[in-house]
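Next, two complexes with subunit A in common: one pairs it with subunit B, the other with subunit C.
And then the complex of A and B:
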């Protein structure tokens, strides 16, 4: 399936080996995971708008904030202290449960994940 | 000269020289903001544009993996961004076109110089024998030679040199760092330099300050660095990391104003308003020094400039660029983060124990406002102070020094 076909689908669930990025006002974007990486790098390398990753993925800048859809929260590692600091201090529209930094979310060809991308990272 | 930006309302073509962090971010952001015109990116580097910060860190210490591309190869076509792997032979400002060294000519409405910087050469006899470290090819050459049990000499004790030293220690390479300055990271607070010295000792790095380098010779795979009044420092690999010079030659050749960087106004326009400069090569008006200029070497700063410029080219802002620089470095498990820009006449206030390796130094300008904060292993303080500076707030020096007071209060105040 081509990427553009995937983009046009209305997404209710993510296939194995894909991460779906949902932004207000545009179609959800499904990106296939071909090798282990993070949800931030995957988005940046594919040019998913709204995920910046200024610090290159060290949980230091807070420009890769996403909100994980509830049903996928269970499969993720808990945030460490550094990530919690960022979420606490930097993120202005934090969701107490769903907010994460995409750079701290490992993804593999077995992963399925849906995240909302906020309108702005600032 | 007009004081407000007069970019044509709908430029049809943007040509970007340099596909580093600044140029790539600009190209991508233009498309994100709905720019439909032609976007050409020019870069001589043979590798697909890549992340630079990991080159001194994971790339050297991790398993043998390729460097991280900034975007995957298909991204360029998907976003109709043409990457030309060529340098620029000449800029025709009157005709608004760029001639590539392939002979091809590209017209532009907006030209952006994101040419970056290049390593300085050590100005002593044999200085060219030192390995430089800037590109992915440099990093690969160094990685191949960081063999356990071998010896590395690093000349220069700035961010890059100390990161190389720490990474090499992680591969069980013996490391000497030589600097002619009296302390590592000489721009930063003396307490931070002293703590960094302790960290280097902890990592078993041999750090030699006030070393007057005389010459470099290489014979039979061994590099010898002659130091005044000391035995030669010999090693299997010697790397120069004594800072960078902005790449201004192209701008100078076509008559743009240059000094230590390509001069821009506060909208990042050069002395030709159809040409902009950003990132490591750009000398921008110093917001704190009337008539002064400043050039910032920082990936996040370059990206912030790129996003600003894309927003301006697409008509989303007419405001001047407002800089909020920050910097980071790490060595092993230690992290240094800096919010703002450190200046020589700052008044320093320490928060935490400066004899350890976890504290912050708050830097207040002569007028009493908070100007910068250097945080060693104090991530949360760094984040709070970065937000403080971004919001234009300040904190009282006695509050900054008092560990019993929550810094976050200043954000709410």
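And then the complex of A and C:
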């Protein structure tokens, strides 16, 4: 982990009902959750850069890779077999613990979540 | 109707698009990102972001349901349906086409097929057609195995595929096309039914088997297996051939790939960006939708121009150039969203990881016989043929 990532991960906290997307080189982006959706859809609908979601949420394409900040991992469902397939085979800079597909992360108005968005999805 | 107030391209015809769509796309972009084409009765979208938006928002743009040519040709296929019905069938099929099963199961089949076809191809000698004599049998053999019909001759898979595609396009209702389609349906249904009986209760990874395990009823297994057959031959065939053509036009890039500076997977992404095998997808506006200042009235038919989106100058620098080293960015060669091509990982593996490396290693100096290859087609675009030559004992 780079020093700058470390700093970003320390300084930010997500309010309830918001997801914070952290990308290197730009200000973190907090997006409010008004209805149940996924961290991928929320990002795409709000134009968060770096999350593509080519397959629309089928865990088929591997273009919504994020790394969840440690303190929020416990609140998420474990990855299913389909998600693990993509993480195993497609994601090149996988973190063994923090890497997830944003399309498989449910978010609600009660959720708080911080994720790092990688520089590239390919 | 606000049609007379929107940017209009009354000069666009299907013939022009089939001949060469790219100058048409350039002219359309000059008119505006959303244009009305009265001769086609369609709104045309050339921008990548707009095309993605339409595919992503099924609440605004639906798959055309009434009189679906896909249904007419093959039955209740998932590509003719919206959510949630589509998603159930798609989720049933995906397990046969996920990247892990491709790598762990299907790739070995692709390699065996490639070696087998290459052996025969080499025997034909220089002048053999890489499109007809390699790419076609290779694509059809791969497809037969992945669908779950390993014992069906590839020539049958190809014939059925052509019959289905022709029937989808048979707007004039040519009785010969309808008859060929009836025969193809009867033969394919019988083969699929035999396999359903054989595979019942098995853990086979093929499409037919995973659909059965997911509980899809037999008519939907049949229809979606036929959909895969219709969509799984000429696209990978064209991409394989287009890549050989494109690399031959850029010998420096081919040399860099051969030297390991770039991967064949990078070649694949650039080939399908530069020359996607399918150029349009259609949706119908459910409500009045405004896009880029143009209102498309409810009921309007909209063409998502994949080939134009893939050369959107706002997303790709010098978009008409074939540049393998181009930074990878999202393109629309496979569409996007819930209906994104289910076979893209299979295509990537079979063409980029298996076929091209084997061809360039196995046929030293592989190159087209001449430079006058001409792409054709709009709904399906590719080279009709590409005779190639290579160094043999006699030519060295």
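FYI, the second predicted complex is superposed on the first by the 111 of 122 C-alpha atoms of A that agree within 3 Å, B and C clash if a C-alpha of one lies under 4 Å from a C-alpha of the other, contacts with A are read in each partner's own complex, and residues count from 1 in each chain.
Going forward, a residue touches a chain if its C-beta (ideal position, glycine included) is under 8 Å from a C-beta of that chain, and two chains touch if they have at least 3 such contacts.
Predicted model, so just to flag it, every value in this text is computed and none were measured.
Novice: Record, for the superposition on subunit A, whether partners subunit B and subunit C clash or fit.
Specialist: clash
Novice: Pick one for A:120: touches subunit B only (first), subunit C only (second), both, or neither.
Specialist: Only subunit C is touched by A:120; subunit B is not.
Novice: For A:26, decide between first (touching subunit B), second (touching subunit C), both and neither.
Specialist: neither
Novice: Once chain A of both complexes is superposed, is A:13 in touch with subunit B (first), subunit C (second), both, or neither?
Specialist: After superposition on chain A, A:13 lies in contact with neither partner.
Novice: Can A:80 be said to touch subunit B (first), subunit C (second), both, or neither?
Specialist: After superposition on chain A, A:80 lies in contact with neither partner.
Novice: Between subunit B and subunit C, whom does A:90 touch in the aligned arrangement: first, second, both, or neither?
Specialist: In the superposed model, A:90 contacts both subunit B and subunit C.
Novice: Who does A:55 touch here: subunit B (first), subunit C (second), both, or neither?
Specialist: Touch partners of A:55: subunit B and subunit C.
Novice: In the superposed arrangement, does A:108 touch subunit B (first), subunit C (second), both or neither?
Specialist: neither
Novice: Which residues of subunit A are in contact with subunit B in one complex and with subunit C in the other?
Specialist: In subunit A, residues 44, 52, 54-56, 58, 60-62, 82, 85-86, 88-90 are touched by subunit B and also by subunit C.
Novice: Please output the residues of subunit A touching subunit C within their complex, sorted ascending.
Specialist: Counting only subunit A, the residues touching subunit C are 44, 52, 54-58, 60-63, 82, 85-86, 88-90, 120, 122.
Novice: List the residues on subunit C that touch subunit A in their complex, please.
Specialist: For this pair, the touching residues of subunit C are 55-56, 90-91, 94-95, 97-100, 103, 328, 330, 334, 336-340, 342, 345.
Novice: Write out the stretch or stretches of subunit B touching subunit A in their complex.
Specialist: Residues 28, 31-32, 51, 53-54, 68-72, 75, 78-79, 299-300, 303-304, 328, 330, 337, 379-380, 382-384, 386-387, 408 of subunit B touch subunit A in their complex.
Novice: Quick one: which bits of subunit A touch subunit B in the complex? Just the residue numbers, please.
Specialist: Residues in contact with subunit B: 41, 44-47, 49, 52, 54-56, 58, 60-62, 82, 85-86, 88-90.
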